[in-house]
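Look for chain A in each of the two complexes below; its partner is chain B in the first and chain C in the second.
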Partner chain A sequence: MTLSIARTGELPGAKQRTRIQRFVGNNAFWLLLIDAVLVVLFTAVSINHTFISPANIKNLMLDSGEGLLLGIAIAFLLGAGEFDISLGSNLILASVVSGMLAQKVASAGIGVVFAVSIAAAIVSGVVVGAVNAFIVTRLKVNSLIATLAMLGVVSGVAYIVSGGTDVVGLPATLQNDFGVATLLGIPAPFLLAFLAWVIAAIVLRRTAFGLHLLAMGSSRAAAERAGLDTRRKLLLLFMAAGALAGMAGFIDITRFGATNIAGHTEDSLSAITAAVIGGTMLEGGVVSMTGLLGGVVLAVILANGLVVINVSAYYQLIVVGVILVAAVSLDQLRQSGGGPRFRAR
Partner chain B sequence: MLKMRILSSYFIGGLAVLSVSALLAGCSTGTSGGGGGVSTDAATKTLRIVDIAALINDSFFITGKCGAQAAAKANNATLEFEGPTGNSATDEIKAFAAAAATNPDAMLLAPFSNTGFSTTVSSLMGKGAPVWATGQTLEPADAYGTTITDYFKAAEPLVQIIGQLSGGAGTVGLIADTTGNTTDSDRYTQLVPALEKAYPKLSVLSPQYAQNSTSTAATIAAGLIQAHPDMKVVYASSGPEAVGVAAAIKAAGVGSKVKLVSFDSSPDQITLLKSGQLAATVGQSPYETSYIGTTQVIKYLRSHAGSTSAVPATATVTSTPTMLLTSGNVNSAAAKTYQYMTSCS
Partner chain C sequence: MSASETIPSSTDVADDGYVFEATDLVKTFGHVQATRRVSIALRKGEVLALFGDNGAGKSTLTKLLCGVYSPDSGAIRVGGSEVVLRGTRDAEAHGITVVHQDLALAPDLSVLENMYLGHEITRRGVLGGLGFLDRSAMAERTAAALHKLSIRLPSVSVAVKDLSGGQRQAVAVARASLWANAGILMDEPTAALGTIQSDIVCDLIRSTAAAGIGVMVISHDIPRILDIADRVIVLRHGQIALDRPTGSLNRSDVVAAMVGLTGTDPENEEDNR
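Right after this comes the complex of A and B.
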């Protein structure tokens, strides 16, 4: 599912391609194919084919949750031609605020603990998103620079709020009843993230907001000339991205039963990588939700699979780098006409 | 006319730069405690000591700060605590050099990596400002002294407990922090050969690195558990790794089969210990380590009042004790002294 506004060279009268041709010509297809090949490879090589065991599939899903939420946020922002490097620190702050408030209401019962915890995480994320939007839209600072600055600011605030250390002693119900809980064998955190992905895909495909954000990414000037209130839409977009980072923060504390304030500052870069490999364009105007899923899954498959097949830590770095280059270059080759002969054109 | 304007703007700009420089210089002189290292009244004056930690938001280093602060307070000195908030040896080297430029009377250094500090250490020592390394030796050994955990002794009870938990056979997973971090690698480089010697049927895997991230540690641990059905123990070299492994074991539901043993005693780890998710962990003495270092540098300065000669570098290493904490002894008075603090109050 790649969505874009018509760009130069895609004239309305151009020869129509079939659905299959369009899908095969889409780099999300190639990415999913790489994912599938890796799954087959890791399954074949792992002892007793444990890579594909139900327990390991659960691991893969658990590992995908936070990355998928941050990936949605970054894909939407990239679609509109914006960046957010501060998502990782936003996640940290949200987890700290959420964890501290959960501690305060620990005795109030499971419902209250969950409601307060998730609401606090989302509100914290939204506030950071709103500040990002203010800097970008009102102070006219490029979003890459603005959010890079906010990465430090938000991390600093998180350290101050937490006293510079991880928040511990969170209510056990957060982990027991959500973080490690499953529904029909599917981890609850992954279900939450997947639900967000489905909603995001619908918003992108079926709503005016989705169309508008792609229009802004394709040509901000044209979108404004067409009467779009880009400033307001960017505010909503950054706030939504913040909310997603907040949800990722909530998932983090429920999964581990503690915060990890030193461990997420590079999460934005991982999310950008997943989105871009999946076909979302850095230049804006094109978002691929299927590709994003493929990109997030690729990272998770590699991180888990290389351990399952006993590849040493140093070789893992090389393998991951080579596969990422292969994934991107395959798409570049396809776009430049040097790719597989059966591509759709 | 235009030329005049340009010239006057350059003049005003230059004046502003000079004023700011003068102001900053004034500020820096004002906070340097006299500057230039040892002064003639060093026998009685309030000394200014700067403590650079590898990770200032980690409870191990915060506990070290508390020890240094207590020693400083008892000896008419002030202590400033600085360092990076993320895992970066480079950032710590920069922070150390920056702090050295403020001409403190002495410095404490808890290094991530034992190389890279030499130039600054030599410069400070040459000016009469002693540098004391805590938690790790420096290469070359150009500090005035070092206090460090006796890792060889710490490995002894670890070998014993891992042997007990595994029954002397099966697989042991090893999840470490980062490569090139000697403070971390010391926690397993002596342990692994000792384990292999004591239990030849035990297979200890090569280390996997989690970069201080709970989620990476969980991903790795989940993969290791899948890959090695005979996994008996996972050894985590520090706090965030232990939290991640505990979450992976809990999510996989293998807590009765796979035991977690770790190094360090952060509040997170103590919580895990009390809940039975962590079988044992090694508590170090960061408080004592920094207390000794601070006392020693102050003693040197007081006894060399008025001297401007270089501080002699020594390879002297003072070992500090460790204790294996288990659910059985965690609440004892002795064990309390090995549990890390999140604040000094």
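Right after this comes the complex of A and C.
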């Protein structure tokens, strides 16, 4: 006999929803709308519309780069059902290691300075990521606790290695040829971060690895029963997150010509905020890369815009907090509202 | 099966019409003998019902057959030759797939993604080497597999969490039948379902068997499973108390065997009061 599962009427209208309707129904859409409204608002209020001036747009991009890199790392980990709150201190250590080694080879050619500096930052980041993965997969410590511990450990190591003071006097080429350099008018650090975002989005949507990480976050048991090597994939994920934090550390020293060891410990939390506002689920299994971009940009637009219109930038912290609560409660509402839910996936 | 290049193949062994033949399986935990010299065989294309009270050894037997436990003694043969199953992956490679009670589907992934999880089809060439998925090929084959089992879903891109319990069970069975080329063991397939949904799953079990796959159903839902089973095995105290074609068996025959009022049970008296 032929049986029709749809006959039971469990999926009202699932077929009728169009792509556009689905997009309107998810957080990423509303977030991008808020971003757009804020841009219009700040442009209108700022004197001579300086908010939208080329120079300020460059600032916005520069301020987004590091957050975007950390956001990619956190979105992937959250998607797989894991946390990493050590990304900020990972960034700091990477910038210290990278900066000190760059000083050592300052007299060598520009190529050597860049190669050493980038490699040092990424290796440092990957090592920290691998330690995180070891604690999570081998010692079976929950990743929130593991990376909370590593947040302290790595910060401590960074302070000890740097002697507690910022590494200054870095080779000028780092700043001139990358940190403040532009390509087609776009700041090089942002271009690097944006490229990473594009690659990450493709990996997430198009490759088996992306599917596997979402499966692990959605149901670890299902992923394991399907024969996935979850331990190996977690190791890869934490190391990739570390590499991204290392790249962010590299960007940090190239922008300012010095490390900022006191300034990044909360970066992981900002990255989590950006991802979650954008519709990435804390419970795992759902990641929105578009939403992540919107979330990172939101914080930057607010911080910058408030200064431009002469309001204390501290209000940014309040507004982002309120939007975070609103975004998550919107999700809850949608879930308890019954019927099929459609998210950006 | 159309997805022949990606499924573990057991076509190189002789097809003797059996999914597996297990003889004299013994498994002991401490001084509890969970199974005592159990011999059980599953034929391709049949529905075999496995009944038994709690603690009768059903779940131990199932775990022995899918490689989660290894037997203390006894042998499992697939295609006439003895095999050692060190895990569900081994069992799958020998054509024995398990559908668990809790379904083992990832709720946030779509039907399509769940069907191919761990067995993805990648693109040809360089992109394939990088792990790029061939979604259209997977969608085509998923649709074909669902069609073969007469399962209709609005779309294969619906997330599993947006399906009803019966639909999820149907997808889990479809997933198993896609990767099983010989047999499926189903643990309580109707346990969490309502009447209509249970009927749907039962129809699905029949159509899976009709496609030439052996299905062993472990269940407490005696009347419903009796209706669709070709053969019934009842376990009691880790031994087979009844092994018969369904024929004229009715519920009370099965229950009688379960509690030891009939059949062969060497130590039948002490807990039949």
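The working rule: the second predicted complex is superposed on the first by the 296 of 345 C-alpha atoms of A that agree within 3 Å, B and C clash if a C-alpha of one lies under 4 Å from a C-alpha of the other, contacts with A are read in each partner's own complex, and residues count from 1 in each chain.
The working rule: a contact is a pair of C-beta atoms (placed from the backbone, for glycine too) under 8 Å apart; a residue touches a chain by one contact, two chains touch by 3 or more.
This structure is a prediction, so every number in the text was calculated from the model and none was measured.
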Quiz item: In the superposed arrangement, does A:225 touch chain B (first), chain C (second), both or neither?
Solution: second
Quiz item: On chain A, which partner's contacts cover more residues, chain B's or chain C's?
Solution: B
Exercise. Using the touch definition from the top, say if A:47 reaches chain B (first), chain C (second), both or neither.
Key: first
Quiz prompt | Partner chain(s) touched by A:310 [first = chain B, second = chain C, both, neither] | solution = first
Quiz prompt | Which of chain B and chain C A:159 touches, first, second, both or neither | solution = first
Practice problem: Could you say whether A:64 touches chain B, chain C, both of them, or neither, answering first, second, both or neither? | Solution: neither
Quiz item: Once the shared chain is lined up, is A:89 touching chain B (first), chain C (second), both, or neither of them?
Solution: neither
Quiz item: Can A:280 be said to touch chain B (first), chain C (second), both, or neither?
Solution: neither
Quiz item: Of the two partner chains, chain B (first) and chain C (second), which one does A:207 touch, if any: first, second, both, or neither?
Solution: second
Quiz item: Taking the two structures together, which residues of chain A meet both chain B and chain C?
Solution: none
Quiz prompt | chain C-facing residues of chain A, complex | solution = 1-8, 10-11, 14-15, 206-209, 211-212, 214-215, 217-219, 221-223, 225-228, 281, 284-286, 340-341, 345
Quiz item: Which chain A residues qualify as touching chain B in the complex?
Solution: 46-48, 50-51, 53, 55-56, 58-59, 62-63, 66, 155, 159, 162-166, 168-169, 172, 175, 179-180, 187, 252, 255-258, 260-265, 300, 303-310, 312-314
Quiz item: Of all residues in chain B, which touch chain A in the complex?
Solution: 55-59, 62, 85-87, 179, 205-209, 211-216, 218-220, 222-224, 226-227, 229, 239-240, 243-244, 246-248, 250-252, 266-268, 271, 275, 342-343
Practice problem: Going by the contact rule at the top, pick out the chain C residues touching chain A in the complex. | Solution: 88-89, 92, 100, 102-109, 113-114, 117-120, 122, 130-133, 150-155, 158-159, 162-164, 166-167, 170, 196-197, 200, 203-204
